[in-house]
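Before I ask anything, here is the structure I am working with.
Letters are used for the chains, namely A, B and C, taken in the order the chains are written, and counting of residues starts over at 1 for each.
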Amino acid sequence: MALLEVENLGIGFPVGGRMVEVVRGLSFAIEAGEAVGLVGESGSGKSQTALAILRLLTPPGRITRGGIRFDGQDLTHADAAAMRRLRGSAISIVFQDALSGLNPAFSIGTQLIDVIAAHRGLRRHKARDLAVETLALVGIPDPGSRLSQYPHQFSGGMRQRVLIAMAIACRPRLLIADEPTTALDVTVQAQIMRLLADLRRQLGLTLLFITHNLDLMADVCDRAVVLYGGMKMEAAAIGTLFANPLQPYTQALLGCIPRLTDPPGTLAPIEGAAPVPGLLGPGCPFAPRCPRRVDVCDREPPLAVRHGTHDVACWQVASDAVA
Amino acid sequence: MSTLLGRPAGLVGAVLVTAVAVIAITAPWIAPYNPLLVDLADKLAMPSAAHWMGTDQAGRDILSRVLWGARPSLSVGLLAVAIGLIGGITIGLTAAYTRGLWEQVAMRAMDALASIPLLIWAIAIVGIVGVGPLPIGPWRLPNESKIVLLVGILYIPSLARVTYGGALVEFRADYVRARRMQGAGRLAVMLSDVLPNCLSPVIVQATLLIAVGIVVEASLSFVGLGVEPPNPSWGNMLADARNFIFTGEWWTFVFPGLAISLSVIGFNLLGDALRDTLDPRKAARTGQLVA
Amino acid sequence: MPLLELDRIVKTFELERRVLPRLFGRRRQLHAVNGVSLSVDRGSVLGLVGESGCGKSTLAQIILRLEPATSGTVRFDGADISALDGRALHPFRRRIQMVFQDSTASLNPRKSVRRVLAESLGLAGVPRGARTGDSVALLEQVGLGADFLSRFPHELSGGQRQRVAVARALAMRPELLVADEPVSSLDVSLQAQILRLLMELRDSLGLTMIFISHDLALVHHLCSEVAVMNAGVVVEHGKTADVLGKPCHEYTRRLLDSVPRGRVQGADASSST
C-alpha cells in the first residue's frame, strides 16, 4: 500500500457565489521511501494540493471531492485533533519563505526544542540533544552554540536549513517541500538540493517536492507529476519524462528550459497565457495553447492513458496508442 | 464604491454620516422651533408631541438645538481636517522627497507636536488666548474659526506622518525610478505617481480625524471654551445638562450625547470600511485566485 | 568606440551611521563595488552574473545614474556622465533604460497601460496626437495587442506586466537597455517567453543590452559576453562561450556546478540518481 494516496482530489474556492475548482480530479500516490515531484506553474494548483494534504487550506477554500489517504488513514475526514498529531510528526512541510517560517523573537534552539518536546513528549534536555543532532544532520556547523542564536543571525540558506531541521526533527514519514529554494541564490540552492538528497538517503525520507522547475526536481526526485490548470497531465519516472515526454504540455515545458548544452538561442516558449481557474471549459486545460489540439480536446477532459508506470492524459496520445 | 457600501459596517457608517450632513445643512428648515427661543413657562418638559426631545432648563426645544448643534460639530470636523490635509500632505511629501535637513526639521517638529495629546493642546491654547474673537492685526478671528484653525494645525502631525511613511516607500518603488530614468520632472513624479499611491491611508486617517474633531469641539464647548452660549452645540448642551444627571431629567443629556456618539461611530465605521476598500493590493487580490 | 565604458568604478556604503563614532574615525564601510572596469560595444549583450550581494545591482544603479559612484567614471557614447547632474544629465537619461526584476513594483498600480506608455512617449517628445498609435505599435512589438491599452497592472499576469515594462523602456528609443533579473520572478514558461522577446529585440533593433542574472543557462542563450561578479569584483570576463565552456576562475566553476542537472544534460538527467 502506498504511503500517500491522493484520489480524484478536488479543491475549490467560492467566487461570486459558485465554487471554482483550482484542483480538478487529481490522483497520484507516493510509495514509502519514494521522492515525487509535483510540477506546475502558478495557478496549476500544486501548492493548494500540498496544503490540502495537511488540511491547512485557507478558508473558504475547501476539498470538494475525492480522498487523501496517509498510511491507510483517511485525511479528508480526520478530525482536528488527529490532524494536529499528524502534522509535524508524521507529515511535515518546508515552505519557500525561510524568513517568515521562523519567529524572529525566539532563538533557533527554543523553537526547535519546543517542536521536538511537543511532538515526541521528551524532556527538554533530551529534546536539546536531539535538536543539536538534527542541526548537525542538516549541515549547520557547530550546532551546539548556534542553538542560542536568533533567526536574523543566520543567512538565507542557513535559515532554510534550520527550517528543514525543524521539519525532520520528529523524523516524519512524509516531508513536503514547497518551492524550498525559490528565494535562494543559485549556489545555495544547489546546496539545499544536495542536502535534501542526502537526507533522503540517510533517513529514508519520503519526499513530496513541489516546484515550478521541472529541471530542479531532476536532482532529487524519482518520479514527477506534471500539473496544468488543476489537472494531472503526465506522471512518469524522471528519466522517462525527460527522455520521452508524451503529453504536449510536458513537451512544451521541457522546451522552455534553457539548457547549457543546447546551442544559444534555441528556446521554444509556449505561446499564450496560463489558464485562469474558473474560466476553464470542460475540456483539456492546455487545449487553447496546444499544437496538437483537436475538437474533442475542447469538449471532453483529456483521456487518461497508462503505459506501465507512465500516466498521460491526452486525447492525441490515446489515439496514437490505438493506432 | 459599491464594495464600500457592500459591507455592513461601511453601509451603517455611510448612512450615519449622510444623516449628520443632511441635518447640518437643513437645520434651519427642519428644526420645529427657534433653538434660541426661551420659554420659561415650559422649562424641563418631558418629551411630548409638542417637544419630541423635551425642553431644557430655559424651556428651549432640545430637538431643534440638537439639529442646529450638528453645524458647529461638523464644520469644525470638516474644516479642521481640510486644513490638516493641506498642511500634512505638503509637509509629508516634501519631507519624504528631500531626505535632508528639511526632513529632519519637519518630522522632528511633527513628533514634538504629536507628543502632547490633541485635547490638552486645544484646551491649553484656548485657555491662553482666551474665549471669544481673536484680534489679528486689523481683523478679528471669530471664535469658531479660531477653533477650526487650532484643531486643523493640531491635525497636521498625524496626517504628515501617514503621508511621509507612504511616500518614503513609494519614492523607492521601481516605477518611480523608471519615471526618473525617463526624465520626468520632480513635481510631476510627486503629484502623479507618489501622491495617489500613498493617499489611501491618509484619507482613512482624515475620516477618523473628523470624528476626533467632533469630540474636540464638544469637549471645548463643554468646558466653556468652544461655541459660546446661548448658541447650540452638543458640547454646551451637555454642559447645561450636567445639573440634571441625578435629578431625573434624562432627556437633557441623553439626546445630545446620542448625537455625539452616533456621528463619531458613523465616521469611525466609514473610516474602517474605507481602509479595507481603498487598499489597492486588496482590490487586486479579490480579482484573482492564487493557487 | 564602445557604447558604455566603466572605469574603475567603486561604490562604498557607510555602515556606521552614528555621527560621533564617525567623527572619531570609526568608519565601517562596505565595498559594494570595488574597482570594476568593463566596456560594452554597440549591439552586444553583456551578461552580468553573480549572486545576491555581489554588487551587480549596485553597478546597474550606477550605470543608470540612480546612485552616484564613490569613485571611477562612467562614459556613455564617449561622454563622461558620472559627473553630470540635473539638466546636463537629461539628454542621457532616455538613452539608457531599465527593466526591473519585480514586475509588480515596476508599474504604478493606479495607471493604465495607455497612460504609462503615453507618459513615456510624451517624455520622449512624441506629439500628443501620435501617442495612441505609437503605444499600439509598442505593444505589438512586445507581443501584446491594442486591447491591453485599457488594462491596469493588476489585470495583467507577471509575464504581461514585464512586457509592458519592456514597452515602456522602448518608448524612449533607448540605445542601452539594462535588464536587472527580468525573468527571475517568473514561471519557467514565462521566463522563456520574455527571454525570447529580448532575443527578438536584440536582433530586430540591434539593441545593446546588459542582462543581469544569476542564471548561467539564461546568459548562455541571450548574451554575447559575460562578466562574472563576486564580492564587488569582476572575477572573469569574456565571450560567453569561452567563459562558460572553459571557466578559469574557481567561482565561475562553482556557479556552473550549481546549475540544476536538468539544465545541463536534458534527457539523461536522472541517469545517476
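Please note the rule applied: a contact is a pair of C-beta atoms (placed from the backbone, for glycine too) under 8 Å apart; a residue touches a chain by one contact, two chains touch by 3 or more.
These numbers were taken from a predicted model, which means no experiment stands behind them.
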item	value
Chain whose Cα centroid lies at the greatest distance from that of chain B	A
Selected interface, A-C versus B-C, where C-beta contact pairs are more numerous	A-C
Distance between the centres, which are taken as Cα means, of chain B and chain A, whole angstrom	52
Interchain centroid distance [CA atoms averaged], chain B/chain C, Å	48
Distance between the centres, which are taken as Cα means, of chain C and chain A, whole angstrom	32
Multi-chain contact sites of chain C, meaning residues that touch two or more partners	none
Multi-chain contact sites of chain A, meaning residues that touch two or more partners	42
Multi-partner residues of chain B (at least 2 other chains)	288
Complex contact set, residues of chain A against chain C	41-42, 185-190, 193, 212-222, 237-239, 242-243, 252-262, 264-270, 273-274
In the complex, chain B residues that touch chain C	173-175, 177-184, 192-193, 196-197, 280-281, 283-284, 287-288
Residues on chain C engaged by chain A in the complex (per definition of touch)	51-52, 157-160, 187-193, 195-196, 199, 214-218, 220-222, 240-241, 244, 254-271, 273
Of all residues in chain C, those that touch chain B in their complex	64, 66, 90, 93-94, 96-98, 100, 102, 105-111, 119-120, 123-124, 154-155, 165, 168-169, 171-172
